[in-house]
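One chain, chain A, appears in both complexes that follow, with chain B as partner in the first and chain C in the second.
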Partner chain A sequence: MSTTTAPAPVAPIVTSTKTPDPLRAKRRRKLAQWGFLAPAVVFMLLFFGYPLVRNVVMSFQDYSPSTFFTGKAPFNGFDNWKNVFQNDLFGKALLQTILFTIGSLIGQFCIGLALAVFFTKRFPLNGVLRSLILLPWLVPMVVSGIVWRRILDQDTGVLNSFLGIFGVGDTPWLTSTSMALVSVVLVNIWIGIPFNMVILYGGLQEVPKELYEAAALDGASAWRTFRSITLPLLKPVITVVLVLGFMSTVKILDLILALTDGGPADSTQTLGTLTYQNSFVSLDFGAGAVVGNILILISAVFAVFYLRANRNEGK
Partner chain B sequence: MATITHTPAVPSQADRNRPKRRWGSMIAGLVILCVMLFPLYWMINTALQPESGLLEVDAIPHSLDLSGFSSAISEQGTNLLTSLAVALGAVAICLAISAPAAYALAQFKLPGTKVIVFGTLITQMVPGIVIANALYSAYVDLGLVNSYFGLMLADASLGIPFAIVLMRSFMVAIPREVIEAAEVDGAGRFRTFVQVVLPMSRNSLITAGLFSFLYAWSDFMFALTLNTTDDVKPITLGIYQYIGAHVGDWGSVMAAAVLSAIPAAILLVLAQKYIAAGISGGSVK
Partner chain C sequence: MTASSPDGLRHRRRRRNRRVIVPLTVVSAIVAGTALSGCGQQRDDNVYTVLNSSTDDSYHGWDAATLSRCSKKLGVTIEQQSVPAAQVMTKSLRMASSKSLPDIIQFDGSEMPTFAETGGLKDLEKLGVATDDIPRGILDYGSYKGTYYGAARTVNTLALFYNKDILNKAGLEVPTTWSEMQESAKKLTQGSRYGVALSAGGAEDGVYQFTPFMWSNGGSETDLGSKQVVEALDYWKALLKDGSLSKSTVNWTQADVNDQFMAGNAAMMINGPWQVETLNTKKGLNWGIAQIPVPEAGDDSVGPLGGGMLTIPDIGDTVREKTSARIINCMTSEQEEITYALNSWMIPANQKAADTWRKKVPELSSLADQVATARSRTAKLGAGWSSVSLALQSAFQAALTGQSSESVLKHAQQRVESGN
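Take a look at the complex of A and B:
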């Protein structure tokens, strides 16, 4: 008996969901769609938007170790900014950041491009070798730094004992103020090669093969072909690689802390490590925020380049 | 829907024309690989010679000495588990937040979509130390310092912008008709997403998950700044503190380093297609 009565109420419900008001239905649909996006927007506002704003505010506040007990961080105008700029360390860190970034980018890019071109040749094991070269990029950066610290050890490191075979005296790779930055750049080049290689290799695959065939028919030399065909067609990819390389290099912290801790005598201090040192070692978050803001400013300039490159890429 | 898969890592095609001339290139390739991977070899080699301490290390381990590994496991074992837990938690948070967002940005014509995509690109450029700087005081207020959840959230932030950009570029390719067909069949928006969109985006989900795992596993900065005690100590922080305390014991430090590099090695072997897709897809698009 009950089975026959059951279907009866279903029909009215079905008709009632067909709302007579299409505008309201549309609004509800939009609302449901925003539900998919909302968690990400909230997360990004909390983890990116908030820190950006907070850093600007903090750079005008007086933070001291006691702030974390009392909760008081009074505003102090431009004091933090003045203190940071008047300290010689800032200029030093800025210069070293520029040298570190430019040196790393040039090395990573040139070697990465050379390897990418090399791997466009067909030979046995090409794919396997190409993917194994990625390994250095996948290992945690702080771990790579520590391994290199052992290799570069002046007295017992393998690099010096290897160079000793050729009569090169023991080099103080990480312990002399003149060599430490060079060493850190060399290690960072090693870390960045795989990333550069993979993206440039991908770009090279997109260059139409017919162009090379035509160049070969015209009797163009390998260098001429590279300069007149490969480089121009690779330009959008090159821009992206360089800008992304810049973004990731300018803020590096792990590697430098693991290799030298910013030393000796601050000779490997960069804006990234200086931000860390101000905030988390000296517990002067105001000063850390100042350096952090400069770092953001520098990144923002390059972000504009990136977005323009990205837009051209899409076309 | 094989059209959505993205495989730049095309295995080199068998060359029918002149196979013999390729061996020279292969040897050159092997030499390049040996030079590039030498530091990793040296890491393993040093780990197997714990007794050498501060002395020079032999080029090849003469006898297999696993005492470095046993002390690394006893001292860093819990840190490895911490890394694993934090990284897996970060992956879960990352995918749960970015997959629906990527879908919305790819398929719904919502006002402001462009601004959000733009914002996502921008966030990838914010230096991590700046985030840590501001996050620390907020974490102190919220009681998230020295907590697993706090570190998972922070580590998820490393992968979320990348995951959104990557998955969105895949989900744009899902034909609207497929989604409309599912909705005509009576599936709700959420069911369509779970039962149609997610399975079709499987490859991009794996790639995004893999990368957010690697980012979180490699994280050192948040581990260093958002923890003041030893309660939540991932392996990256553990090794860093290890060299401060035991400079003489390089064998154990390197053994811990080898253990921390194992996930990268495993992922590279098992999922090299996804790794290559992630490196090129996520950055160029």
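Take a look at the complex of A and C:
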């Protein structure tokens, strides 16, 4: 006891000189809170706020290669926007982005959910198989793209040789304008399955086992159990998976560049590749910014959904 | 204890707070400061930088050797900074805006006009870069609106590569005209092997490969809807229809074409000398090289002129820029050009160097002939090339996947004219 009481006299001395002002202490605490927040705020402003605002401003400017030298980018009103909207390619890319996103999401989600439900059963090698399915997630997008381009090659690809065994003729996976988008969606589904499966599997672990026991006692069929217990209880997780999936799918770029370069004949151009093409191939940064802004806007709408879903989950 | 220790604790906590707040604030201020100020202009008097796209090990090594020889000769230190080819332009532009441009930038021929148009490049002749013994065509290749901005060390073009064994076995001569090529390709197409391979991918690779067909037939990039261009595209379509050309061609880059040729899946291919290094890694592959066939016997085979060119960006320091010019003179000296050309299988830009080179590698002389008539993609259009290139790739892909050549090329020309 003596050791703990020893410093006691020191404290009153300090407090006597500094604590009489509770307002000051409060202010200091406030300052401390802001001190901790400051790095995050500075980081957000620098790396999210600044580029975002810059991108919006840029879409109203005539931003050409000379701008980098002169620093001059005259404002040109809605010229960039008009040019982008009048271009046939924009409508095409928008439609293809929608098809790509919806197709990918449905495929990834359904297969991911089916696998997640499957793995809740106990069977030998469950863990090993589950980790094997994670593999596509570990492979960088560009690598997947390049490997799949070889697999899907019409003449020398493995897939067509394999299908040939069953008498299925040469499928022009990436070389036909009507087929290429479907192929790109299929590859993206393959890439997205692990993410969906892992998150949904995690959600399934949260569903109380007793409910299933009760359902079994009531004699509910498997489908009925799934519909009335699994799905409703999984709803918050499903929202999160779909919204996150949407945001990562809608801005697709690397996969398409590696698989088809937007071709053949622009049949796999999306808003992502169009931004890239405008900014880095044509060096028309204003037009690139317009398409980029549209993408940000679309994502922002879904980000709001995501935040709301998360908040509801918190309650 | 209950009375005293909370006070002590609070006191200690407060002190800790301050101990944390100060560094945190300082750190965020430093981060903000450095990020805002960017990379300022900090040049070492005796160190010169060359920005290039030699990211391949071998190319990086050859360049490093050249630069170290020139460093010794000129008494300065020359460093190279290599980024992927597609990033040279954007990296240079970023460096321009942060006023940290390198001393020398090696641009691809199709990109130089875009950079020159911004006014960011220096007139090489004024800075003292030698132009003796450089053929007119290559001087034009390095010029934009009459000013010489880019000095090429070596140039390249496309040629017809053929598998000697396969042609010999079939008893066929190397084709020289379109009809000969079409016939030979048809005969050589057997089993999983195609007669000919080329890249019609949706990027510059495909456009580069289309130009010799378009130009040898008298077509021009300024009039994509013309009869000559339509005929050239119809020729590609005919090869595809015969089955001599794989349908995957619309999805192949030039490197893919090379892989197919090496694997024996194609008897002939259109490709460039930069593939030779890889080709030679395949033992037992007996290949030859010839000029790209022409529409009718007697026509000129006009290929595209390619290759990097050394430019001096405007850094606002004439003394330094003059030294950069001396570095370019060293890099383009006869001996350096020959060394680089022999390593990389390209053709020296300097006429005297090219003559020596021809004697050393007679098997590649058809490449040198092809270069003599080759044309620059940007000679007519300058910075406007990129929009023509985009319209053209979309057009030939649409034609090869089923649409009529005439309508897609007319549409492409409209697209170029409307600026979309």
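Methods note: the second predicted complex is superposed on the first by the 293 of 315 C-alpha atoms of A that agree within 3 Å, B and C clash if a C-alpha of one lies under 4 Å from a C-alpha of the other, contacts with A are read in each partner's own complex, and residues count from 1 in each chain.
Just so it is clear, a contact is a pair of C-beta atoms (placed from the backbone, for glycine too) under 8 Å apart; a residue touches a chain by one contact, two chains touch by 3 or more.
This is a predicted model, so every value here is computed, not measured.
J.: Examine A:43 and indicate which partner it touches, taking first as chain B and second as chain C; both and neither are also allowed.
T.: A:43 contacts both chain B and chain C.
J.: Count the residues of chain A touched by chain B and by chain C, then name the partner with the higher count.
T.: For chain A, the partner with the higher number of touched residues is B.
J.: Taking the superposition as given, does A:249 touch the first partner, chain B, the second, chain C, both, or neither?
T.: neither
J.: Given the touch rule stated above, what does A:193 touch, chain B (first), chain C (second), both, or neither?
T.: first
J.: With the two structures laid over each other on chain A, which partner does A:133 touch: chain B (first), chain C (second), both, or neither?
T.: A:133 contacts chain B only, not chain C.
J.: Examine A:262 and indicate which partner it touches, taking first as chain B and second as chain C; both and neither are also allowed.
T.: second
J.: Please work out whether A:61 is in contact with chain B alone, chain C alone, both, or neither, and reply first, second, both or neither.
T.: It touches nothing on chain B or chain C.
J.: Considering only the touch criterion stated at the top, classify A:280 as touching first (chain B), second (chain C), both, or neither.
T.: both
J.: If we overlay the two complexes on their shared chain A, which of chain B and chain C does A:270 touch? Say first, second, both or neither.
T.: neither
J.: Touching A:80, do we find chain B (first), chain C (second), both, or neither?
T.: After superposition on chain A, A:80 lies in contact with neither partner.
J.: Residues on chain A in contact with chain B in one complex and with chain C in the other?
T.: 32, 35-36, 39, 43, 68, 149, 156, 280
J.: Could you pull out which chain C residues touch chain A in their complex?
T.: Interface residues on chain C, with respect to chain A: 1, 3-5, 7-8, 11, 14, 17-18, 20-21, 24-25, 27-28, 31-32, 35-36, 86, 89-90, 93-94, 96-97, 114-115, 117-120, 192, 194, 201-203, 246-251, 260, 263, 265, 314, 386-387, 390, 393-395, 397-398, 400-403, 408, 419-420.
J.: Taking the touch rule as given, give the residues of chain B at its contact with chain A in the complex, in rising order.
T.: Per the stated touch rule, the residues are 8-13, 15, 22-23, 25-26, 28-30, 32-33, 36-37, 39-40, 42-43, 46, 54-57, 59, 96-98, 100-101, 103-105, 108, 110, 116, 118-138, 140, 153-154, 156-157, 160-161, 164, 189, 193, 214, 217-221, 224-225, 235-236, 239-240, 243, 250, 253-254, 257, 260-261, 264-265, 267-268, 272, 275-276, 279-280, 283-285.
J.: Using the touch definition up top, name the residues of chain A that touch chain B in the complex.
T.: Checking each residue of chain A against chain B gives 30, 32-37, 39-41, 43-44, 47-48, 50-52, 54-55, 58, 68, 115, 118-119, 121-127, 129-144, 146-151, 156, 158, 161, 190, 193-195, 198-199, 202-203, 205, 237, 240, 244, 247, 250-251, 253-254, 257-258, 272, 275-276, 279-280, 285, 288-289, 292-293, 295-296, 299-300, 302-303, 306-307, 310, 313.
J.: Can you list the chain A residues touching chain C in their complex?
T.: Its residues touching chain C are 1, 4-5, 7-8, 10-12, 14-15, 25, 28-29, 31-32, 35-36, 38-39, 42-43, 46, 64-69, 71, 83, 86-89, 149, 153-156, 170, 172, 174-177, 260-266, 277, 280-283.
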